[in-house]
Amino acid sequence: MTTHHFDPETFFNTMGQHPPALRVQPGDTVVMHTLDALGVDRARIVRGERPNPQSGPIWVEDAEPGDALEVTIVDLTPSREIGWTRFPLAPNVVDPDRATRLPERETADWAIDVEAGTVRLVDPPPALAGLVLPLEPMIGCFGVAPAAGEAIATSTPGPHGGNMDWRGFRPGTTVWFPVSVPGALLFAGDGHARQGDGEISGTGVEVSMEMELRLDLRKRWAIRWPRGITADGAELFTVGNARPLDQALQHATTEMLDWLETDYGLDTVSASHLMGQTVGYDVGNVYNPAFTVVCRMPVSVVDGVRSREGVDT
Amino acid sequence: MTTHHFDPETFFNTMGQHPPALRVQPGDTVVMHTLDALGVDRARIVRGERPNPQSGPIWVEDAEPGDALEVTIVDLTPSREIGWTRFPLAPNVVDPDRATRLPERETADWAIDVEAGTVRLVDPPPALAGLVLPLEPMIGCFGVAPAAGEAIATSTPGPHGGNMDWRGFRPGTTVWFPVSVPGALLFAGDGHARQGDGEISGTGVEVSMEMELRLDLRKRWAIRWPRGITADGAELFTVGNARPLDQALQHATTEMLDWLETDYGLDTVSASHLMGQTVGYDVGNVYNPAFTVVCRMPVSVVDGVRSREGVDT
Amino acid sequence: MTTHHFDPETFFNTMGQHPPALRVQPGDTVVMHTLDALGVDRARIVRGERPNPQSGPIWVEDAEPGDALEVTIVDLTPSREIGWTRFPLAPNVVDPDRATRLPERETADWAIDVEAGTVRLVDPPPALAGLVLPLEPMIGCFGVAPAAGEAIATSTPGPHGGNMDWRGFRPGTTVWFPVSVPGALLFAGDGHARQGDGEISGTGVEVSMEMELRLDLRKRWAIRWPRGITADGAELFTVGNARPLDQALQHATTEMLDWLETDYGLDTVSASHLMGQTVGYDVGNVYNPAFTVVCRMPVSVVDGVRSREGVDT
Amino acid sequence: MTTHHFDPETFFNTMGQHPPALRVQPGDTVVMHTLDALGVDRARIVRGERPNPQSGPIWVEDAEPGDALEVTIVDLTPSREIGWTRFPLAPNVVDPDRATRLPERETADWAIDVEAGTVRLVDPPPALAGLVLPLEPMIGCFGVAPAAGEAIATSTPGPHGGNMDWRGFRPGTTVWFPVSVPGALLFAGDGHARQGDGEISGTGVEVSMEMELRLDLRKRWAIRWPRGITADGAELFTVGNARPLDQALQHATTEMLDWLETDYGLDTVSASHLMGQTVGYDVGNVYNPAFTVVCRMPVSVVDGVRSREGVDT
């Protein structure tokens, strides 16, 4: 159970089978530095290219196609005191005739106070003078090398993870990614000091980060989309990435149905009853080339079934 | 501030300019009986037709086009002990190739215990023996007569409200509908004893209800989509109804932007900063002819701006 | 086989169960005057309201729910010399970030020369001086009273027809609408002197018209969406109206599949072979609240099957 | 102006920066063998893997990012006598509740008679006995290495081209692809002996082919999506690839607008007038991970403008 300190020199704008920058054992922890979405590091030096340059890939020994890579987000700490956002709202998240009246896109700096746990605009418009929001660090973009030899831009999420921009990727959350290549090849970057649902201005509060991730394997667990457990331990979740949102929701819902059937031994009817009356949906990003929907199921509901059924996961 | 008891004889399957069944003053409360989605009443007698037969319309004195009708959901009580759901999951919420393997659609009864605050399947499949879920009553379908002389089926939500199936329409919630005709003409029905997000099996736990609603007016408040305040008082919300979800989200987002600009005096840039870093989205229904997305904004964030600005709403 | 001359005084902005303005026998022909999309008549007098005020409804004797109303478009003649269009392109048909740079929407007049069969801008921008386009008259909006008591705005197409804006609704075309109410209640209006696919600037060349339509019935032919035969007699077609285009295409495709199965006695596999290798799709409108996709099948292919099978339609 | 005969040993399932298999000069012609969508060659030997294994990449000397690669489809000849299709219709092209009643997917063989110019099912269901359809060869999947280091699966079209399945990619058609890497790196494969619009059964009549393509460059012509001229020379076209169809249409429409503005010197208003009243849309594939819409403009309309304007393209 080694802890690796990983401060990469090279960054990637696609998730694919790039040469591993670090090799770890299942169970190891990695404390890694990441650049912000434009490639700016903790010293405000540009060291990578847009979009979302990734630290990695990290080779996990023994990871093989058909396994799932388990990533526990232990801690996320902004590594500099200034982040930034874009504004105004992205044209695709408002009605098209409203989009025609949006002002030009610009960039604003935000002061990040890790000690106080706050973010605030450096040079706020008058109406927002004194606005202080909680620091809520999350990972915008992480995942593994995709299947079938693809190399997918770090703008675009897919079955392999990628640029999902879901607020639930916060400290305490566990996520599993489908392993498609030997070593899994984990990438991570694009930290946000905070963000609303949907990343509707096109960014969170973008900042370089120190990310502490614990990596492990679930052998022979052939999942199709990212799955996980929320930071509070209260919910299972599945992630679908596609356009439109309807299709992302179909992917996430189908993945949850498969999970309940395969791992909890439920028939389609029983799983449908549980899901129909208890699921929650979150909107991840609605800005990237593919959108993100998360399907959540209460662990208490699923555990109730499991304990009655004697099914062991 | 009269309380009216309304036990209608006639029910409607469209929201339109039907003859008023009740006339009330702004500020009055109505305790009304509603049928379930198939038209079955509290005595299990079929008195209306599918889909979602509505009690109403209720004429609110002084309501005129350009006003907003305020509806406070005071209380929702299932009025019989048996509800029902459809299963399995609806074919449109799973991947199309998974849809081809879904079993036939059927109906299941649920026992509703108002005292205990629970629902449970009457004849559960073995895996769900002993499953008990919390009673969480909500309104599936309510709204006002639409604009431009339309009469819209109670299957289909729109700017006038309608079949939105959002779990947030629960006791304590306040909602405003855009008034398009004299008297506003409120309709309500389709109570659910509980439901997961999205109404993904095509129903919640469908049941007849006693709904206690307080009705009021905001004069000359020309909103385009339903707006409201969540039951806990913590969030403003706006509702968009359309397909695909992307467009429903655009409507809800644009309505929130307009609200912040018009009522809170924010410019587009300031509103974009607030929304981009703090909004939440909920998925209402993804089953009806039009889908529902809700955009939520923390009241604390908005109030912070208002107090600094001295804007009065 | 009477020919009726119908010059209405009253116009409707919804398709619903309005009082019949004319009663005809199956087989009769109606020569009717229609207003343009803003309600302007052949004398350039405003006599109706936007959007798309309709002439009608026309009651067809013996039409009952479960029948199909057959409308043959005999002739379409612009009834004044000036039409108009909107410009620039609608914001929803270009990429959202391009939409932010569109100029303000305006209106342009077009000279319509029925004799010469041409349209041209009255006051063209310099680049378009001398631009002359063929006159290709079509019906933008026509259909019948919808099912279930709905009254649908003439902005919005659906199973009942309505604002479909398909170029194929030209002289020579036959179309069937599903009859949902006694008398069918046909409405027509919104003539276009010409239009590109999709009505992407939000209008065709809008003009009042004299429309000659022959009306007939196919008894007990329970169709779900408009069907027809193209003006050249070469193709069967079905129409789906929904958003996004994907869903409109699903409706049109399913309706064609049902047609081939029910009327031509084909099993799903045979119909799939034919459709998979021979259908064509047209994009009707992509501007209205619901979009339009048309699925076309060569009559020669279908007739080949019919003659071999001895199926009579 | 050399003619190269290219019979590759190695095939690719992604379009990316793979080692060039052939190097040609601008203006050269390549006569190349391609496998069918499952990797089967002209001798019915499996030599590649699904999906759509590609012959290539072909390096074109002097091609640089910012250029456009011009591909003229000179000839397409099926290289064996048996092709195949899938059936029934794909579940995503019919209404979801119809999808639940589709039979299992299977494969059928088709006899291809190049001499006679026909295709027919080898073992037709009774209803299709004697069905003979015209041979209409087309390219299902071709394109260039994408930008930003991506390697995109040959299932999925994008700005680089790829699996577009448009019937218009037939002999006589000229297409330009945006060059994103040195040498452009052309790939081609997935020939169809014929296909209906949309590839709605998931395949055309899939077959190995001999494809004769003439390759050339337009230097410093920075296009964003594939463009071209139809086989009859009558129309310019642009291609958008995305989901839903609405977004594919937005891409194609925006690309046509940009083309008219940049190359023909039209302002947005003039281009909008022309496009609004004359464009046509085709549906390419509606089956792949991204869908395809083609926007077509009559050359006569555009040439009319050009001759008046003295703009030279």
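Labels for the chains are A, B, C and D, by order of writing; each one numbers its residues from 1.
Keep in mind that, in the parts below, contacts are C-beta pairs under 8 Å (C-beta built on N, C-alpha and C of every residue); 3 or more make two chains touch, one makes a residue touch a chain.
These figures come from a predicted structure and were not determined experimentally.
Q: Would the interface of chain A with chain D count as same or different, where same needs over half of all numbers used to appear in both copies?
A: Over half shared, hence same.
Q: Give the label of the chain whose average Cα location is farthest from that of chain C.
A: A
Q: Per the centroid of Cα atoms for each chain, what is the distance between chain A and chain C, given in Å?
A: 47
Q: Roughly how far is chain A from chain D, centre to centre by C-alpha average, rounded to an integer in Å?
A: Chain A and chain D have C-alpha centres separated by 35 Å.
Q: Distance-wise, how many Å sit between the C-alpha centres of chain C and chain D, to the nearest whole number?
A: Between these chains, centre-to-centre, one finds 32 Å.
Q: For chain D, write out the residues touching at least two other chains, lowest number first.
A: Those would be 92, 96, 102, 243-244.
Q: Write out the stretch or stretches of chain C touching chain D in their complex.
A: Result: residues 85-89, 92-96, 98, 102-103, 108, 119, 121, 124-125, 127-131, 133, 194-205, 243-246, 249-251, 253-254, 257, 265-283, 286, 291, 293, 301, 304-305, 308-309 of chain C touch chain D.
Q: Using the touch definition from the top, list the residues of chain B that touch chain D in their complex.
A: 90-92, 96-97, 99-100, 102, 244
Q: Looking at the complex, which residues from chain A come into contact with chain D?
A: Chain A reaches chain D through residues 13-14, 16, 148-153, 242-244, 247.
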